[in-house]
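Take a look at this one; I'll ask things after.
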Amino acid sequence: MSTTIDSNIRIQQENFNVTDEIEAIKNASKNIGGITTFLGTGRELSKGENISKLNFEHYPKMAEKKLAEIRLQAIKEYGIIEMIIIHRIGEIDIGENIVLIVAASEHRKETFKACEWAIAELKRTTPIWKRETTSTGEVWVQDTP
Amino acid sequence: MITVKYFATLRSLAGKDEDQFSMGSETTLVNLSHEISKTIPKIGEMILGKKVMVSVNLNVISLDAIIKDGDEIAILPPFSGGI
Amino acid sequence: MSTTIDSNIRIQQENFNVTDEIEAIKNASKNIGGITTFLGTGRELSKGENISKLNFEHYPKMAEKKLAEIRLQAIKEYGIIEMIIIHRIGEIDIGENIVLIVAASEHRKETFKACEWAIAELKRTTPIWKRETTSTGEVWVQDTP
Amino acid sequence: MITVKYFATLRSLAGKDEDQFSMGSETTLVNLSHEISKTIPKIGEMILGKKVMVSVNLNVISLDAIIKDGDEIAILPPFSGGI
């Protein structure tokens, strides 16, 4: 099976299935022994306020470009075999999946490092914005802790 | 024409998704910021005060960057993707 | 839904579904914002030799006891909300799932640390042994890189 | 009676899953190792040479530990779980 950049980097409204993405990344090599996954989900509490709903917006083309750069840099710098990055946009409820990063390699150490670096880099460089809905209204989140 | 896109909180501030500016064949981000300030002073201030990032054709640029006719500029408030 | 130690610590022959385990851990709290997962899978190559099959054996009761200790220590020391640990035994083919560790918390940093610590601790303290089948026969793996 | 369980490569070496030894009401791991050596010298050596770990009733013990009648001992070669 092919693993194209298109399928490994996605910004989409619909939910994703972690098992499906893990099975997809396994196809990259029979030598994969460790797969580290980071999944970000919608929390109910943010700075002491109760969140009822989240909304994500992105800058099309630039956001995809940044995710593709993160994937390539992770593969090159951490020596992993493959990485998948998916970020959802639109309305997201509490407990729902927001972002998924899957890093696969022969051994585990580099997959942890690559995965942790990739989510930090995504937050730092990728033009995606979050709007939180609370009982007092809607706010765009300005700082990322 | 130069296209300027506003995202997230800046779109609320601008009251629109994007603007068009006629600035000749070449200008700088500083000049464009002054032009934006004529209608939305706060956004011009944020660019000049480096409170927001600016991209030209999907690449982040600095204040002294040259902008050409036909470029797509985006004013990018601090990112909050991920979780 | 309840999250008992029984369901969070498992040694089993049958495969597991990562998505199902992630959805189970989400039930622990509405305040989960980050879930880090480590999945170990059967690699084809080991020290230059081609592996055709793996077999895992455990010391019943003691292995489960060790996994339960790892889970409790991870929750306590890294301040995470919940952890699930599953290890398969019996015959395992190349590419198949072997071990799963899921760490869930409010923020991501502690989930990476807890997950990475837990897999290292599992390898160090849990009485589970691997037998590799190659073209030249079967060998019990003696050292864990 | 004391039950001794062999795992993985040690089971192949012993040619059986477990043994039973009658050592009185109390003994030490060193004494038990000598007893094991009578039929499987290599396993006795491995215990005394600390090449393997030993557990009593699911807890890892040291060579000078006291073993009681009814205890379940397990001889544990280096672990290789995980990946």
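Chains: A, B, C and D, in written order; residue numbering restarts at 1 for each.
Here is the rule we use: contacts are C-beta pairs under 8 Å (C-beta built on N, C-alpha and C of every residue); 3 or more make two chains touch, one makes a residue touch a chain.
All figures in this text were calculated on a predicted structure; none of them were measured in a lab.
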Message: With centres defined as the mean C-alpha position, give me the chain B-chain C separation in Å.
response: 49
Query: Using CA atom averages as chain centres, what separation in Å is found between chain B and chain D?
result: 74
- line: Whole-angstrom distance, CA centroid of chain C to CA centroid of chain D, is 27
Query: Which positions in chain A touch two or more other chains at once?
result: 33-34, 40-43, 108, 119
Message: Quick check on chain B: which residues sit in contact with 2+ other chains?
response: 83
Query: Chain adjacency by touch: line, ring, star, complete or other shape?
result: other
Statement: Each pair of chains that touches is included here, namely A-B, A-C, A-D, B-C, C-D
Residue ranges of chain D touching chain C (in the complex, touch as defined): 5, 7-9, 12, 55, 58, 74, 76-83
Message: Per the contact definition, I'd like the list of chain A residues that touch chain B in the complex.
response: 40-43, 56-59, 61-63, 65, 87, 98-99, 119, 122-131, 140-144
Message: Residue numbers of chain B touching chain C in their complex, please.
response: 83
Message: Which residues of chain A touch chain C once you look at their complex with the stated criterion?
response: 17-20, 22, 26, 30-45, 94-95, 106-108, 111-112, 115-116, 119, 145
Interfacial residue positions of chain A with respect to chain D in the complex: 33-34, 108
